[in-house]
Every structure is written in C-alpha cells, then in structure tokens.
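Note that the chains are named A, B, C and D in the order they appear, and that numbering of residues resets to 1 at the start of each chain.
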Amino acid sequence: MDWHILAQQLVNGLTLGSIYGLIAIGYTMVYGIIGMINFAHGDVYMLSAYVTAISLATLFSFGLDSLPFALLVTLVMTMVITAAYGWTIERIAYRPLRGSTRLAPLISAIGVSLVLQNGVQLSQGARTQGVPSLIPTTLRFGEGDDFVQITLVQVMIIVVSLSSMAALTWLIQRTSLGRQCRATQQDRRMAAILGINTDRIISSVFIIGAAMAAIAGVLVTLNYGSFDFYIGFVTGIKAFTAAVLGGIGSLPGAMLGGLILGLAEALFSGMVNTDYKDVFAFSLLVLVLIFRPTGLLGKPEVEKV
Amino acid sequence: MDLPSFPRGLLAMVLAGGLSLSGLASAAETIKIGVAGPMTGGNAAFGEQFWNGASQAAAAINAAGGINGKQIELVKGDDACEPKQAVAVANRLLDQDKVAAVIGHFCSSSTIPASEVYADAGVLVITPGSTNPKVTERGLPTVFRMCGRDDQQGPMAADFIVKKLKAKKIAVVHDKDTYGQGIADAMRARLKELKADKKEVLYEGLTRGEKDFNPLVTKIKGTGADEVYFGGLYNEAGPLLRQMRDQGVKATFVSGDGSLDPAIVAAAGGPKFIEGSYMTSVREARNIPAAKKVVAKFKAAGIDPAGYTLYAYASLQSIADAMKATKSTDGKKLADWLKSHTVTTVLGPKNWDAKGDLKESGFSIYVWDANGNYKEIAL
Amino acid sequence: MPPIAAAVSTTGVRWNLVFRQAVLEATAAFALALLLLGPIVGLVLDGYQVRNELQRPLLIAAIIAAGRFLVTLAMHTPTGQTALERFNARRRQPGVLVVSASESDRQRWWLLAIVVVSLTLPLLASKYWLTVLIQAMIYVLLGLGLNIVVGLAGLLDLGYVAFYAVGAYGLALGAQYLDLGFWSALPLAAMLAALFGGVLGFPVLRMHGDYLAIVTLGFGEIIRLVLNNWLEFTGGPNGVSAPAPQLFGLEFTRTAKDGGVPFHEYFQISYDPLHRFIFIYLVLFLIVCLMVVVVTRLRNMPVGRAWEALREDEIACRALGINHVLVKLSAFMMGATVGGIAGVFFATYQGFINPTSFNFFESALIVAIVVLGGLGSTTGVIVAALVLTILPELLRAFADYRVFAFGVLMVLMMIWRPRGLIRPRRRAFEVKGLCR
Amino acid sequence: MSMTGDPIHPPILEVAGLTMRFGGILALNDVSFEVRHGSISALIGPNGAGKTTVFNCLTGFYKATEGQIALHAPRAAIDLIQILGQPFQVSDLVNPATFASRLYYKMFGGTHRVARAGIARTFQNVRLFKEMTAIENLLVAQHLQLNRNLVAGLLQTAAYRQSERDALERAYAWLKVFELAEDANRLAGELPYGHQRRLEIARAMCTGPRLLCLDEPAAGLNPRETEQLSELIRQLRDEHGVTILLIEHDMGLVMRLSEHIVVLDYGEVIADGDPHTVAHHPAVLAAYLGTDAVNDDES
C-alpha cells in the first residue's frame, strides 16, 4: 500500500474511532456505575444530530451570519438538550427499576430506544436529513496523484474529542463530583452511607454521557452532513463494542477501544474487504475478550470468594 | 394454574378485536385497496412515498366518480421491511380488510413472501418499488410491478459507462441489499458481455445505515478508478459522494434510480458534491408531460412527489382502469386484462408482459447540475 | 417518598400544601417537556430550513403538566395512597413462589383446558389471526429456548437470533443443496444449531456476565453478516426459498412442487392456503407442548438444578464440584437447539427467508420476552411471547404510532412488573416418613 | 515437621512452600503445614494474615504462585496444583505426555476438580442458592452422584427415578442432622441467618468430602448457636469420618474444638501445634498483642 493511502486510512480510522470513543463514554460510565447496558444511548446520539441541524437552521433563519458563533451556540444548545434527554430517560425509565433484576433496565432501555426512534420519525419525518457543508476547507498534503486530503472538520473531530476526553478525565480525577462518581462506582451502598447522594451522581453520569454523545453528534453532523432517525442503532452497537473492547467501566479504555475499533475497521476495509469489516470488528472483540476477559484497560478481575 | 389477570384481559381484547373487525367487512359500498410498505422503521421514507402517491391518486379517482360508481378506500399496511411482518400484514389485508387489490411492498425481501400470500388468494398486487427479478420470476399470475427490473437498468449503466464515458478503471460499490447488489451485479454481467470486465478494479459492499464510508473511499482512491458505480439508495449515495469529494477523488459517479432523488442533495450536504453525477432511472416521472398537472396538485397539497410517489400513483391508476374495464375485482381477470391492454398512467403509457414486468423499461440517464437539479441527457 | 409526605398528617391531608406542591411539579414538568420536545417536535426540518410547528410541543407539554398535576393530587387522596402502597408492596414480594405438589396437580385441569382451546382455535380463527398465532407460537418456542439460557442458567445471550438463523437456513439451504424435506431437516437443523452453540460457546462461556452478552451479540451479528455476504452459498440479501411442510408426502401447495401430491388434490377438496397454516400451527403446537414438558422435566433434573444453581452462585457451584463451563455449555446448546427448531418453522411458514429477519432487534425481542415473562417461569415466557407478538398486531389500529406505543408499553410493563409478569414457581418436595 | 511420622493419623493434606503473589503484594510466603486424617484443625491469625487466601488456594479458587498441595486419597496423592491447569512450559514441547496432560487440565481442569478430589468448603459470607429451596440446595450438591443421563431424565426411567429418590432421602437425612427438616421447602434466601450457615455446611457434606474446610463458621452466630455448631462439627468428625479444617476468629471455639492449630501472620506460619503450645507461643502472643484476643477468649 502506498504511503498516502495508508496515511489516509489512518486519518479515517482516527476520526471514526474518536466518534466511537465519545459515544462509548456514555456506555462505559453508565455501565460502570449501575451495571446496565444503556441501549438507548445510541438514540440519544441520534437526537443530538437532529438538534444540531435544527439549531443551525433556526439560527441561520434569524439571519445570523457569524459561523463560529453559530457553531458555539449550537454546540451548547445540543449539549443542554441532549443532556436533558439523558437525565429524563434515567429518571422515567431506569430509576423505578433500580433494585430489581439486572435485566429489567435492559428491556426498558430497548423500549426507550423504540420510543426515541419512532418519536423522531413521527415528528421529523422518515427521510434522510442533512445540513449544508459549512466548513468546506480541506487540507491537502503531497504532490500530484500521491496526496492525502482531509477536511478541516476531520481535524476538528480528532482535536475536540481528545480535548473533551482530557476535560472529562480532569473532571473525574480532580473534582468533587468526580470523586463522588468514582466512589459510587466502587461501592454504591458504602458511598450512600458516607453521605453521597448516589441518585444525583447516577443522574449526573447520564448527563455527562449524553453530553459527550452530543459533542459526537455535532461533529458527525458537520462532517458527514447527513443523518436519519436510524443512525443511533448502527453507531450505538459499534460504540458499545468499543467500550467493551477497551474495558467497560474505564474512561481511557472507552477512548482507546474506540480508536482501535475505528482503525481496525479502516485498515481492514482498506487492505482486505469492506464487506467483512464488521465481521472483523466483532471477531477482534471476541479474541480480545478470550485473552483479556475484562478488555484492554479493564482491571483484571480478582474473584471475590 | 390460576389464569393471571393480564392474559385474561388480553384474551378479551383479542376476541373483541377479532369479532369487531370481521363484522366490518360486509357491505361493499367502497372498494378497498391495500397500500403495504415500510411505514415505520429504517425505510419508512419509502412507505410514506407509497402512501402519499396512492392517496393522491385515490382522491383524484374518487373525485372523478370512483370505480364504476364505487369509491376507493385505501388501507395502510405496515411491514417495516421485515419479512415476518410482511406475511402477517398481507394476510391481514386479505382477511380483515378484504382488500380487492394491493399496491405494495417496497423491500424485495418483503414483497417476495407477501406476494405468495396474495397470489395464493388470487388477489392482484402491483409493487411500485421492488426491482428484484425474483419478484416476477416465480410464475405467480397476479404479481405485477410498476418499476423496472434490476437486470434492465444495470446493463444500461454499463453501456453508458463503457461506451459514453470511456471508462478505464471502474469501481463497483453496492449496499449489500437486494436492490443495490442486484443492479450492481446486473451491471457487472453486462460489463463482461462488453468484454470490459478487466476494467473493474473494485467490487465491494458497504453497510446500509452507516454514514462513514471514508475507508472505502480511500480504497477507491488507491485503485485510481475514474468511474464509480454505486448500487444503492440515496441515503448512502449522498455521504459516499461527499466523502469522495472531500478526499479529493474526482471519479465520475454513476448510480441507479434508488439514488435519483432530490433528497440526495441534503444527504450529501450540498449540490456541489453531486454535480456531474449520472443516474439511470425510469423516465423521470415529474418531467413526463402527463405528470405535470399531477405534480402541481402534489405541490399544492404540500407534498414533494419524490422517489416512488408517482409510481404508487400510477399503480393505483392501473388497478382502477383494470377494474373499470373488467367490472370485476377478481385478481385473475384483472391480471389478464392488464397483460393484454395498455394503461395510460401519470408515468405515461404502460403495458406488461406475461410475467408481470413492464414491457418497455423506459430507462434513461440523468445528470445533476450545480444547482441540485437533474435533467435527462440525450444518448 | 416525595417531600410532601411530611405534610400528610395522621388525621388528614393539608390540601393547600398539596396543591402548591402539585402546581410546582406540574410547572417543572411543563418546562422540561418544552425543553425536550420544543426543538425535536416543534421545529421540523425541511431541507435546510425549519418549519415552525411549536404548537405541537406546547400542546403535549400542557397535557403532560396537567397529567402530572392530577397524579400528584391523586397520590394524596386515600385511594391514591393505598394504590401506591399496594404497588410498592407488590414490588417487594420475593421473586419465587414455592407451591406444593397437590397444588401443581390442580393446575392440570387448567392445562387441559388451554390445550383444548388451542387445538380448536385454528378452526375458528381467520387466516390472518392464524398467521399471527403461528408467529406467536414461534416466539413461544424461542422464548422457551432462551429461557433455558437466560432464565435458568443466567447467561445473558444477546445473539440468540444466530441459532434461529441457523435453523431457518438449515431448512432452506438443506432443501436447496441436499434435497432435504421439512421432516428430515427439522432434526438436522436442530443438531446443527446445537453444534453451533457448542462451537461458539466453548471458548467464551468462561467470561463473566455482561462480557458474555456483548460477545454473543457479536456472534449474532457475525452470523447475519456472513449470511448476507456469502452470496454464492446463501444467496446473500436475495435470500432463499424454503419448502412447505408435508404430511406423509402430501404437499400444502396449489400445485405440486417437490414431486409430491398436493394435499387438496389427494382429498379432493378445493385448494385453500388455510390448510397449510392449520397444519403448521398444529405441528408447531405439538412441538411447543413437547418443549414445555421437556423444559419442566429438565428443571427438575440434575442438569436443570445445576443450571439454576449456576445462575444463583457460580462460585458455590464450583466448590461443589460442578464443572461450570460444561454445565453452561449444556444450557447454551440446549437453548440453541430450541432456537434452531423455531428457525425451521419460521422458514417453512414464511416460504422465503433472507438475512433481514435475523437482526439484533429480534434477539432483543426474545430477551424481552424472557425478562417480561419473569426470568425462569415457563408460564411467564408463554404469556409474554403471546403479549409481545399479538400486541403489535393489535396496535395496528394506531397506524403510525404503533411502534412508538409498543416502546412506551414496554417501558411501562417493566415499571409495573420489573420481575416479570409471572413469578417463577418451584415445586415442593415430599418424602414419606422422613418429614412431617 | 514433627507429626509426619505418626502412623495412626497419617496426613490427609500436605501443603509445602505455598506462596501467593497478587501483583506486587506477597500474600502468602512459603506456607507449609499438614492436616492429619480425622483431625479437627484450625487456621488462625489476625485480620489480613492470609487465612482465607490459604483456603482459596487449597480449594482451587486461586492458583498458587509457587508451592505444592497434595491431598492423600485412599490410593494415591492428588496434586491439587496440577488439576487446576498449569501454564505450558517450554519443556512440554519435547515431552508430549506432559503436554497432553497439561492441555487436558487446561481445558477441563479447574476448581471443580478439587471438590471432586474430596475437599468441600463453606464461605465466609454464606453462598447459598438463594432462590432455590433448602432441599434443592442439597440436591445440587449431589450432582456428581446422580443419574445425569439426559435421555433417562427426559423419559423418567425407573433407574433415574430411583437415583432421584435416593438423592432426596440423603438430602433429608442431612437436613435432619442439621435440624433443618422443617425448612426443607423454604427458599434458602429466606431462612434465618443461623439456619443458612448450617445449611451451607450440610450442602458441603452432601458432596461426600474427605476434608471439610469451614471459613468462619461461627461468624454472626449468637453464643447458643455457636455452642450447637461446635457440637455439630465434632459430630461430623466422629460419626461421619470427615477431617475438618476451619478458620475462626472465636478463640473460645477454636481452643475447645481443635486438636491442631496453625497460626498465620503476614502470610507466614508463625506457630504450628496443639492448642496449648500455640496459645503460649511467644510469636503468637506478639501477633495478637494489644488486641488481648488470646487472653480474653481463654478466660
């Protein structure tokens, strides 16, 4: 493979992987704290794509012509509204089930996922929607036919996801909220005894996860320009796979898992075959779990006897 | 075992539902026609088009006095493009709603099992959108289609790519679905006949529902292809095109009727990405003189007659004409009539062969301009 | 308990406080609903513009606020309080019920009644309801199979649809390449599915809980993708036809396809596709009955007890000398076998299959059946399978809102009965002369 | 060691040089001791001394980093390390027989093999099958002794029914021994705590063990229940011929019951002998100093 093709594939893998990583954070944090697979998370990401487009269109219809300002407002709006969805979903569909069987919230989550998908379809219509290409800048490296061309948005995706990741790590490691999160993740009962309002912490985890998915939603919408009410499903499953690959419950694991999955898909498509890239992605997951049962960065489980 | 309260209530509901529904279909002041397709789920956009087209047609026919004095009543049947639902909904349309004919099913994987049910019951079915050859190749007498077949438009694209565009390297991409892979394979078969199969440098499938095709695009770039043929729908064609241009791939994009939809402009993120792409399709419905008035009516009703809308319209017109002429709703009679007569529809005159396929496919090639419009090109 | 509980004295309710609380909660609900629904429901994307439909979210938010207001008020009336208490009390009930042997004997009459009703149903039901019933029965079968894996052995399998697909393709491809009929394909496909279960299960069953879930999900997707991509063998997205079942060589088709004699010609009656469905229904019903008996017996056999013990405490099981991997594997394979059988019936009933029928949503639906039924309860699984397959058909009256309503009901049912509709029952043991 | 030569009470369990590392932490360091056949032995030590780690190594839940554990069965000694499945060695490449045996134990070995060799255990925090009845808990424990033929079970053959009846009777017999017959058809999770403790021991006995390891059997019991328990343990040894090894914090119980005590501190054996010797061993007194545990309990 030529160097420029390889470099291009690496960029493809990194952008795709960053998106997976951002969404995987929502899965991994929720799993870490209440041990449930939040199947509706992919659809929360889908919602954020819609909110992005609606917000941009509304802002432009008011005659706003400063693009950076519009993007900033959109990013904030999307994060707020998506986070509100995350909070509400937890409150309505998951909290009443706490303390029952482990699988009850899973089924509830599938129900929520159906509600979100079909709710959006009913209100926004079924057709594929899009936003115009707002940042058309592309960067080209190389001469003649041997060049690597990437869009500015792709660069943004990588930069923004890595910095959101860093900010989140800071939040979890350094702030009081983060400490409470970690404590609740370790032992919910003990944390509650020590005076931590665990309900509030669980809510904030859903809010953080949804906000991260919102960032992904804004970036994806800007980069690919096209979305429909069904995108949450495909991306959600991949992001969840990434979370498990990296070691579910681990934040750096989510990002690492996302990047590895993204790179694996890009390189496999590039070198072997696009048809079987998902087969490869899932096989990779199975293999990693056979040899490292708790994922790449998950803490090895010492059996508590 | 004491019967829990929930199932008991459910049982009551089932019985009540069954009784009330079976009691309904007695007096036939109206002629019921089923419109089946994906009204929910990932392909709901197409179901919506079916329904819009059929309901406008029904309104027009009813306003003109209906069929032999009877009004048309449409019944919606949702299959969500799931084969298991398709069979259930087909039986429901026949049993519960007692429809006289069916317009429908979009996904070929739904149309194939459902048409068995209709044919078994001797009910006429016209699919406005299933292009898979298998739909009409099974010898079912009452199954028709209002669209072309995959093995008709694929070869046309191959001729165009080889002869007109003088392609040197062709990359073939499909969406691993019945329709998309079908036309891509038909295209390749024709390439072989033209002894141009050596020019094919890539043949791969992408996954429907995804939006990121960058790795595939890079691979296309690596092959140095100057033509990309895509078998699939606009939902994927849009992002694929955009990512090609974003990566600096200049290859000409050629695709089939599944991509020829104004919505591809939004799906790609702007007309500049689609400019210069070619797509094969049945004579573009909106440009056919006969369709002008109908299109205006759609616009007045706030509906964009995109995609399969007018095909559904034409399907209902054909059914209505056959019923008027035969004064019957018997599927066999209707089918015989359709196979021996020409129907004037919004899409122009149509007639069918013995299998139920359209006799003249009427495919032409369209090119997109910089403003996001397309026009037919002379060959 | 909401803070208002403090305002409820033992003698009565201080309504002015309750009222204020209700107004506050309703306002909050209104604001939240507006925030959530405002953009998504109120501003409809139309090309690159939005269309203003803000009256819709306003209306919905007003309804939600009013509902919230009334619920808060109702919760403070005596009736509301008792209802709330009863609701909470039921949620605290233990998960399992132990019934004596005499009581389970009494249930036999109910069973007999149900069997008789089920056998007469096809004569009464229309073709449409019969197809719905057949589908429901297929899901009962799938539910029973997955219940062994999830409900009894406690292994969360999110890729169960893989075995369903193996069974269905076993029949279709068996007929295409090996000229197998329905009856010869049935056991072979079941064995093939079991084999798949064994091969897939062995390396991964050492994994813990939710890792197993994602790996099985991966397997489900892998199988579907391979079926879709392996065009030469499986027909890819174009699918394959599956043969109709035969009754001693008689075919249930209008004209003979596989060299047999059509059923209606043999009996000199006019052709009616209903015959085929009745036949499939009856065979399927017998298989379901057989499966219920098998599952009931399995539960009281050493292997069944080991499954449940494994679900309860894997470590204790190992300390008792039970090879947890092999026991899990047996549950996995048993579940796979049942899934394969269900797949064969699905294929023969549909007459045509392609990979779209075996996506992740199917797996999720089957898991929902098992969980909603009450993990481990056979009766529960049957009820839940009927509910979850018949409900969407009943909801067809809601047209476009059908799947939306289905999702809402799924959430509500879980909140209403988080441990499932039916509590699992265990039989009590009696030994003469040793006890009592 | 001093007791190796005792011809009347040969050792049933020999632990030699047992070392266990968790990452960088040395949990057990060169632990060696023996348990004599038919004895009641105790493993004591301050919190965190590594008692439960020793138990987990003995019963196969942990794979020891180094050391040997041998269980003396009537005919041969069973290497408990081998049957857990060991990593492959380079030397296996030239010796197909050891390679095959390692592969076999890697695929089919594991904790359950230890239990099958004749070691049964209970757990510090009771591990019952909570949503199964008491009697079912005991039936599960007899899994290996039953007719497990699927076909026989599905057809309910006479042999199968007989095997089930026998199992049920054995289970009832054990319930009576532990005075739990009234609870037979109650869910294990709903039993009072003391009953749960006894049920767990009964379940362990149902496997027909040679060596019974009890991990803090008296934890959470009141004095009367503790007294009953010590009677029961003695009865198990005397009437059912099982060797008992227990971990216990209740020094009174340990001193009354056991004939042989091994004291652990910081993962090392600091004393080993009969109760009297151990109680006056200077290292033991030092380890317990400040807690007054030894003196309090002895008074």
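Everything below uses one rule, namely that a contact is a pair of C-beta atoms (placed from the backbone, for glycine too) under 8 Å apart; a residue touches a chain by one contact, two chains touch by 3 or more.
Keep in mind that this is a model prediction, so the values were computed, not measured.
The fewest steps needed to get from subunit A to subunit B, moving only between touching chains, is 1. Across the structure, the highest number of inter-chain C-beta contacts is found for A-C. Chain centres were defined as the mean of their Cα atoms; on that basis the chain farthest from subunit C turns out to be D. If you average the Cα atoms of subunit B and of subunit C, the two centres end up 32 Å apart.
For the pair subunit C and subunit D, the distance between mean C-alpha positions equals 42 Å. Computed from the mean C-alpha positions, the centre of subunit A lies at a distance of 47 Å from the centre of subunit D. Between subunit B and subunit D, the centres computed from C-alpha atoms are 70 Å apart.
Residue positions of subunit C touching 2 or more other chains: 48, 95, 229, 315, 400, 403.
In subunit A, the residues that touch at least two other chains are 118, 125, 129-132, 233, 275, 278, 303, 305.
Looking at subunit D, residues 61, 123 sit in touch with two or more other chains. Residues 32, 35-36, 39-41, 43-45, 48-50, 53, 56, 91, 95, 150, 156, 203-204, 206-211, 213-215, 217-219, 221-222, 225-226, 229, 315, 360, 364, 367-368, 371-372, 375, 400-401, 403-404, 406-411, 414-415, 418-420 of subunit C are the ones that touch subunit A when the two sit in their complex.
The touching residues of subunit B, counted against subunit C in their complex, run 1-4, 6-7, 10, 13-14, 17-18, 22, 39-41, 76, 78, 80-84, 87-88, 91-92, 94-96, 107-109, 112-113, 116-117, 120-121, 132, 134, 176-178, 181-182, 205, 266. Note for the complex: subunit B touches subunit A at residues 40-45, 47-48, 176, 204-207, 209-212, 214-216, 218-219, 221-222, 224, 234-235, 238-239, 242-243, 246-248, 263, 265-270, 272-273. Of all the residues in subunit C, the ones that touch subunit D in their complex are 94-96, 98, 100, 294, 297-298, 301-303, 305-306, 308-309, 312-313, 315-326, 424, 426, 428-429, 431, 434-435.
Looking at the complex, you find that subunit D touches subunit C at residues 59-61, 108, 110-113, 115-116, 120-121, 123, 127-133, 135-137, 139-141, 143-144, 146-148, 150, 153-154, 156, 168-169, 172-173, 176, 181, 184-187, 189-190, 203-204, 207.
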